[in-house]
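Below, subunit A partners subunit B and then partners subunit C, in two separate complexes.
Let's turn to the complex of A and B:
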């Protein structure tokens, strides 16, 4: 974390006292300015919707509210919880304490996944497309995948999506997000009656959102999960997506931001220990039995069971990506060329890197940044 | 000593003034539009003819190319050269008929009756040639590259304090009235008084700058003549002793380029010949990634996007929105217009370079007084076209008189172009590029 210069603190103080309050959390003047602007917009909007005719013209209300919001943010509460929403690609999703905030890396990966499917075979799924999203959290992956598919794919089949999570809070938030999107899309349809192109997109999205459900189940207990899915007539899946908890205990202590550690649910970040080991709660270094890989074995089992053709997992770094890829090759006797390790920006750059993919431990690596996901093209 | 100096200056001034009048007189005597280029014998300067021939040859080459295989850019070029070719054709015809008539008249074997007929025809043939020459010259005049665009009129008070601000306000009203009389759509983009932005109808504080956008196509071509310093001579409303003041207002005319929000121009982005086209392969997209491990480890609010256009090094970063795709979209919009602006500047510089020596005086900037509005004499004089009208009220009201003045300047600009063309050396590649 870069040290804050006293000069920039003074500067912030003279510009706006609220800015100086945000500075220790935001770490840079530019981002503090942005956050203050967003907080102010939020305070004014909120005030405008709440304002009764009686209190009209009283604009000190929103200032008081802004102070409150800034104070919360200054205490390290994630901006997304303070504002109540986060943008995930083009979708604005509701965020609530107790459920992981969607990360931009995830949206980038999902967007690229759809892009790649479009390049490979855009006409592969014509009738139905069954999507299984495990560890769905806020529902972001489930919702964004359909959105991207409808936006870019030439053929729109009937998309049936199921999101699974262990946390009841997550399930209700995911349902809320789905219903909220449905409502705004219905409004959009009302508004854009004339415009044909967006109308087509909106109605398709409404249909696929109505075919989206969220299921309360434990992904680690795969046989129970399968039973529950079977009961929903939907164990079989074409696409399996998962962003499970993947941070190791060591990583949680050392490479995880304080704001994340303090405010976001640990169950969405760190997998439980497979069995309890006394004195292992805070290890000094990464141990072989604590790498944060716990979820991937049951996930691969579920992928095989559901016969998913395309599998995407988010991971912590390139080492974990390689471990997961090895796990897949050993468990499912997959060929290494069916697997790809993606970095944070998996899109090919423009500096002529195309055609020369990096190889890590025998697997193709795409893009720039930290290792972020593993993709298994079972049909490839 | 001092007396002698004064008288000397006096004579010199007198001489100058007289010479000016003589010149002006001569100028008026000349034929209006093509006077300075028309060679009495041939009707048109040989340089222009050879140039026209070259362009016509190019046109027929393009046409034959098109008959083999269609290509939209070739078609566009051919379409641009079409008027030159047809005008040259007309001119050739007119000249041939004159030649024919002349040989007929010179021929001693021709009988008298026929000769008389020929003499009758000769008159109309000369008229035809004149007309053909005029249209040929016009077809050769390069169109101003931005003539078809809407424009922005920026009006600022010049010298003269509050009176200048009052006059600037009058000018704004004049253009607004002119536009509404001519069915042009306008929007007042900016209206700032000394106290900041204000309401144009109810502001007591003096005007500092007003920007009027004329959104109709071709507005730039129409208003381009208005750029420069407009001088006013009158007894200001603020004057208590009845003295006449001279003050000024500056008008800047800028072409207004379509922006990305304008639905109609969206197709430009995909047209590689458009200024707005930016090849995505030439743009590096930098997304501000979270520091450290990323993913679930951090909870970033950084949504900034930076685009770098590699060939030009133009860099745009955008962090206004919380949503990264929105920032990206906005950044693309910006980089397109920046790249387009760069391209325009290069092209404009090229155009300027090729005509700097020729057009010279016709450059219009803030430093040149272009027009005088004299209230005492109810007179408006345009110093470029030399037109004087004693109908100030109608000019200030944006009526037909103003259109008359503007038209005289447009004609003056065309004259300048023609003069420049005639002075130019035989056509070169650069000269052709903006025809």
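Let's turn to the complex of A and C:
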């Protein structure tokens, strides 16, 4: 984090007092200016849609509203909760307190996953494609995966997606996001009747959104989860995606941003204590070293049970990525070549085109940045 | 992870590289103006999301959607932080980059000897082009750091969301190095 220079604070103050209020939260003038611009746009938009005949002509109302929004942001509330939405790739999703805000790293990984499937064998997916998204939160991974598939893959089979979460708030937000996308896509279809290409994508997306459902279940209780999925006729899966809580207790205290700790649900970030089952004093699962790895073993079991061909997990860092990859090789006797560890920007850069892949603890590593996901090509 | 932004001979590129380089779309481009912008080859650019180092993923929630594109053949750098959508910013940055490249090509074309006659006729228009080119070079000289604090005096207005810079990919990013080349005057 760059230090805030007194000069910057003075400068912000003279430019716009609201900018100075945002500065301590945003940490840099450039970022404060961006946020102020977005907050202002939101205040004006919101005002325009809310304006009742009574307040008509009162042009200054949005300024009062902007002041409120700035005050909330200045207290450290995440911008996405203040504005109520976040972009995830090309999708605008609703965000609400109580549900994790989708992160750009996740969208990057999902986009790259589809790109890689395109490069591998894009024509093999002809039958109904079954996608399972465990720990779905806002539904971002479920919704974005099908969106990317429809945009880039040459064959678009029937896509059936199911997202699972233990939080009722997450389930209803995911449903809301699905329904909201359905509505906007229907509107797009109406509007762009003339354009053949976009009509094709929009209708395919509408169809796959209509085949998307969200299920309330505990991913850590595999047998119950499997029963519930069976009941939905959806235990079998081709693609299994999961961004589970993965931050260790130590990591939560020491390397997690304050605004995340204060405002986002801890349940979405930190796995529960292994011995948290009421009435039992023995550990429910072994995660005694508190590495934040608790979810991966049940996730791998579900991947095996559902016979998923492609498995993607998000992780905290390269060390966790390697631990998860080792777990997979030992639990599923997977070959190390089937596994890849991806960094935040997994796509090859210009220098990566000729360069060799990096190897970490015997596994192939792709891209640049912090370790961010583990991919298991069970079909490879 | 990020490119060192080092001043590079943009002028050299305009004078020597462009005349010898076949842009995939240049003939069509030069014939029909204002035609579609030339597509930018993925292999010619490095995209950078300007997110800095430190932990990411669930541990942080940044609102930084800025995208910076470095175009290797020209050394041009275009940045966009206009919208909250990184993918939208990417599209905008690519479009702006295509515009800059087109401007460069036109500027270079105007200088070649075989166009001298035409140039004489269209003197006023060539002058305009040249002016545009110098504005371009001037802009290219300015290297600022939008994420740092020292940009306080800079022209980084909410609407001034895009800068053309000059640079070269050369190993590891060093913001301060990039800065030593200059605040430079601007347009």
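Keep this in mind: the second predicted complex is superposed on the first by the 361 of 380 C-alpha atoms of A that agree within 3 Å, B and C clash if a C-alpha of one lies under 4 Å from a C-alpha of the other, contacts with A are read in each partner's own complex, and residues count from 1 in each chain.
The rule is simple: contacts are C-beta pairs under 8 Å (C-beta built on N, C-alpha and C of every residue); 3 or more make two chains touch, one makes a residue touch a chain.
Values in this document were obtained by computation on a predicted structure and should not be read as measured data.
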Could you tell me whether subunit B and subunit C fit or clash when both sit on subunit A in the superposition? clash
Touching A:268, do we find subunit B (first), subunit C (second), both, or neither? both
For A:4, is the partner it touches subunit B (first), subunit C (second), both, or none of the two (neither)? second
Per-residue contact with subunit A, leading partner among subunit C and subunit B: C
If we overlay the two complexes on their shared chain A, which of subunit B and subunit C does A:374 touch? Say first, second, both or neither. neither
Touching partner for A:153 - first (subunit B), second (subunit C), both, neither: neither
Which of subunit B and subunit C A:29 touches, first, second, both or neither: second
Applying the document's definition of touch, where does A:43 land relative to subunit B and subunit C: first, second, both, or neither? neither
Contact-wise, after the overlay, does A:101 reach subunit B, subunit C, both or neither (first, second, both, neither)? both
Subunit A residues contacted in one complex by subunit B, in the other by subunit C: 26, 30-31, 34-35, 38, 78-80, 83, 86-87, 89-90, 92, 100-101, 103-105, 245-247, 251, 255-257, 259-260, 264, 268-269, 314-317, 344-345, 349-351, 369-370, 372
Sites on subunit A touched by subunit C in the complex: 2-5, 7-8, 11, 26, 28-31, 33-38, 78-80, 83, 86-87, 89-90, 92, 100-101, 103-106, 243, 245-247, 251, 255-257, 259-260, 264, 268-269, 314-317, 344-345, 349-351, 353, 368-370, 372
Contact residues on subunit A for subunit B in the complex? 26, 30-31, 34-35, 38, 78-80, 83, 86-87, 89-90, 92, 100-101, 103-105, 107-108, 245-247, 251, 255-257, 259-260, 263-264, 268-269, 314-317, 344-345, 349-351, 369-370, 372
In the complex, subunit B residues that touch subunit A: 280-284, 287, 289, 292-303, 310, 319-326
Seen from subunit C, its contact residues with subunit A in the complex are 1, 43, 45-46, 49, 51, 55-65, 72, 81, 84-88, 146-153, 156-158, 169
